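The following pair of complexes shares a single chain, subunit A, combined with subunit B in the former and subunit C in the latter.
Presenting the complex of A and B:
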């Protein structure tokens, strides 16, 4: 067995290994998962409080806003679940020298890093986001059909790619410095916060940043507008909306280009 | 064509210089000053398949840089390296599939997993075919006496047990070359002996080429037919332990226990190194006065209880060698 199939099989092996390792500490894993569920649930209460006070924000009802919230958090939870190796790359791999061990194995470093750990505790955020999705479905109400389900899955895929791209960039920075990488949390956690509200409530410069810089709006706002079958208050044409999640994949591709530059830098400095 | 070929290997790092204190840190942000560090400054050697080579040198001499380049982690500044016909840093994946690496200070196993699970995962990572993997694993488990450890999580192993597991882990894919970076560091005496015995068998019986770096001269004496001494990025010596010894410290040592308090001795070409009660330690040059003549000269004049001849300890030889080459820790 060769090529991508073999890599996929190995990834499955990594996942099983990681789950077994976490199963060694079942109480800790459960508590962490419950903690993530509770923390994100409280966050959602904040969204509820806002809409309860003002009724609607930027022309969106609470139920519609809940759909933004749910999809963004599903994306982030999945990316966070899958890319732990990149998240801890600076502290656990570069600073300790463990990255050398990855280079000594006949596999791509990316495959080894995404296989490093599947963070079960992130299921807490994922479950909470699904609960909000169910809530949104009832409130709006959304009549899910094949087309809108496909669009949601496509948006989630683009979103996972985007958040994974941000984490790859964070890891890439670690090739140059292992200090102050928390700054990247502005993009991940801050990005989740920003993208769980509809884009049209923001100022123009911030909308541009979320569309063309770190294209969170392309994986969350525009596809959700299409799922809700509403015209975009910002005036994006209907045909464009389902295409926007592509931006997430483009972002990930650029992140991997940066990653390759980081690898070359590491090979010449070794630290 | 040798298995490992190294020609004029050089590696220069650029290190940012920073003045101390906050002011220095701020200035460093604005304008960085760089200093060049020549970790390797033109090292050449070659190694045939099946050789066992020890790489020694003080801290900072360039040993780990060399091993990192040979194993494909680092790219040199200049020079030529071929290992089994491949340039390590250009063909990393193909190259590392053929080598095994054991770091004395770093684990390659999974901390929370039973040893056997780590082995299984490595077999997949290295694409070892299932039946070959099983026979290779069983062979290594028997050689390294790992059977009782297989189901234990790695974190529960003692350092000695863990090193045995590390050796197995790095050999599951049957590499032709094994790099050992200080493999006996921190081990107790029996574990050190076990590691040396295993490495020797691996080299002699299975023909695995071994390149070892170490600070433990007993490793060198017990294992290596060939030693390379490196200091300040240069190759200082390349030869057998005996030739190294002969080149810097050819003297022998004579240890004598007398029946009475140790006497004053005045024999040409002999110096007293240590004296305590009834014992003496003498240094002599066997080319000037052969051991039998010296022993006879002493034993005919004094009542001797015990006597033996020895060579200076290898640590002493190496320290003397570094001193001669002004290659102490840099």
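Presenting the complex of A and C:
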């Protein structure tokens, strides 16, 4: 009865409930989505202005850079859409003691948190990322064959796993801090900010951090180089490029290990 | 009017400012977190700038050293940027607390303005001090002068930056007051912020110094009100705007502050007349 199919069905009901709730306020939802679209699209305006003034950087044209930008934004938008429960975990669940209720239910806490809320407004970032993807396809131009589509989907999956892993870690910290630590934003929003430019333009210490510390480069740089069918200016061998998104899944797995350790440590704040 | 009656008249506004200022200073963790976030943000911005300057420095409107200072200054004073409405106003209107404000024998606009100002400055001061310490003092000490926040370019720039800084704060509060009035009228701050944030970030020069945008847009970008929030004062700081151009910049800041305050007062009067009390 607690099998994966049952969990999936339950998750489906969580999503349906959340969507129905937001559909009650169509104007507000549309406005928030449009606002999110605008707030995230201005970053692309910045990328455009810099390329327009300086020309190619790090060997990449504006169109190619746009592909890096589009894919990392798609990854983060999807992760953001799926993991709201972890994002607000400290503030809405630990501090209030609401997490106790989740623990009492005969389902995994992870499932309940993933299903907490699916915010449609996050589609704003996804939409602008897709618009940039179309633009990049025209500018480069990119011939999307089955192999490159599969590679893009694989990279996006790895990226969603990585960002979800960061948010799970943020939630895990809340077991000790009893607050959602906004400092983690430097890894999520800050990570997007960094990875929307091709990695090889950065200093070596920063590249290493983004490859071996928080493996953003593995989901948002190396696979994109492979999609563009270019040799990596940093010298990574061609065969390695499509394998790198695995690092995102490894990061998520480690995050869940930390989550379980945190769960064992949990003491309710409720009264 | 004697000075003592002037002081007497200003007292409630100063008190409102001070109360809010002292309250906001209590949020030390928030300030530390904000500081850490802004260091990271600043570092990424600077690395991106460095990469582009490395390709074609001649295309840039300002030197890399000035661009670096621009980034740190912007991160330090980020809390002065009017990109979200004062959350207390929306709360006061939704709970009916605004009723108390209506009963106070003070000018409603001046009272809110003073409180909003206190909110902005109290969040900016600790972050700016920490940023100055990190980017202005620690970076040069550890041998990273090239990436440091530099002092103003000369005495003239330093002296001109004082009124520019005061005016950017006054202008920011005037913009926020307009946002506050719309929040009070619509009972919803998320919608206002959704429009305000991207507008302010792009047109103030917070995203990029305004001269980095295509040259054809300059005549427009340099006269719109948001330029006085970041672009004009910062360029005065490193003497990219000097002499007559700097004075023109100050005049633009002052003029827009005056216009927005006048407009805000008008809008607030109309809003207050139609305001319906919430709560109970």
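In this section, the second predicted complex is superposed on the first by the 262 of 271 C-alpha atoms of A that agree within 3 Å, B and C clash if a C-alpha of one lies under 4 Å from a C-alpha of the other, contacts with A are read in each partner's own complex, and residues count from 1 in each chain.
Keep this in mind: a residue touches a chain if its C-beta (ideal position, glycine included) is under 8 Å from a C-beta of that chain, and two chains touch if they have at least 3 such contacts.
These figures come from a predicted structure and were not determined experimentally.
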Once subunit A from each complex is brought into register, does subunit C clash with subunit B or fit beside it? fit
So, does A:202 touch the first partner subunit B, the second partner subunit C, both, or neither? second
So, A:230: does it touch subunit B (first), subunit C (second), both, or neither? neither
Counting touched residues of subunit A, say whether subunit B or subunit C comes out ahead. C
Which holds for A:55: it touches subunit B only (first), subunit C only (second), both, or neither? second
Taking the superposition on A as described, I'd like to know which of subunit B and subunit C A:193 touches: first, second, both or neither. second
Name the contact category of A:35: first (subunit B only), second (subunit C only), both, or neither. second
Between subunit B (first) and subunit C (second), which, if any, makes contact with A:107: first, second, both or neither? first
Once the two complexes are overlaid, how big is the angle at subunit A between subunit B and subunit C (Cα centres, nearest 10°)? 90
Figure out whether A:183 sits in contact with subunit B (first) or subunit C (second), or with both, or with neither. second
Is A:46 touching anything from subunit B or subunit C once the two structures are fitted on A? First, second, both or neither. second
I want to verify one number: the closest Cα approach of subunit B to subunit C after the superposition, in Å. 10
Find the residues of subunit A that appear in the contact set with subunit B and again in the contact set with subunit C. none
Please give the residue numbers of subunit A that touch subunit B in the complex, ascending. 6, 9-10, 13-14, 17, 20-21, 24, 97-98, 100-101, 103-108, 112, 267-270
Interface with subunit A, subunit B side, in the complex: residues 13, 65, 68, 71-75, 89, 92-94, 96-97, 99, 101, 103, 106, 108, 110, 112-113, 117, 121, 124-127, 153
Using the touch definition up top, name the residues of subunit A that touch subunit C in the complex. 28, 31-32, 34-36, 38-39, 41-43, 45-46, 49-50, 52-58, 181-183, 185-186, 190, 193-194, 197, 201-203, 206
Enumerate the contact residues on subunit C facing subunit A in the complex. 33, 36-37, 40-41, 43-44, 47-48, 50-56, 59-60, 188, 190-191, 193-195, 197-198, 201-202, 207-208, 212-214
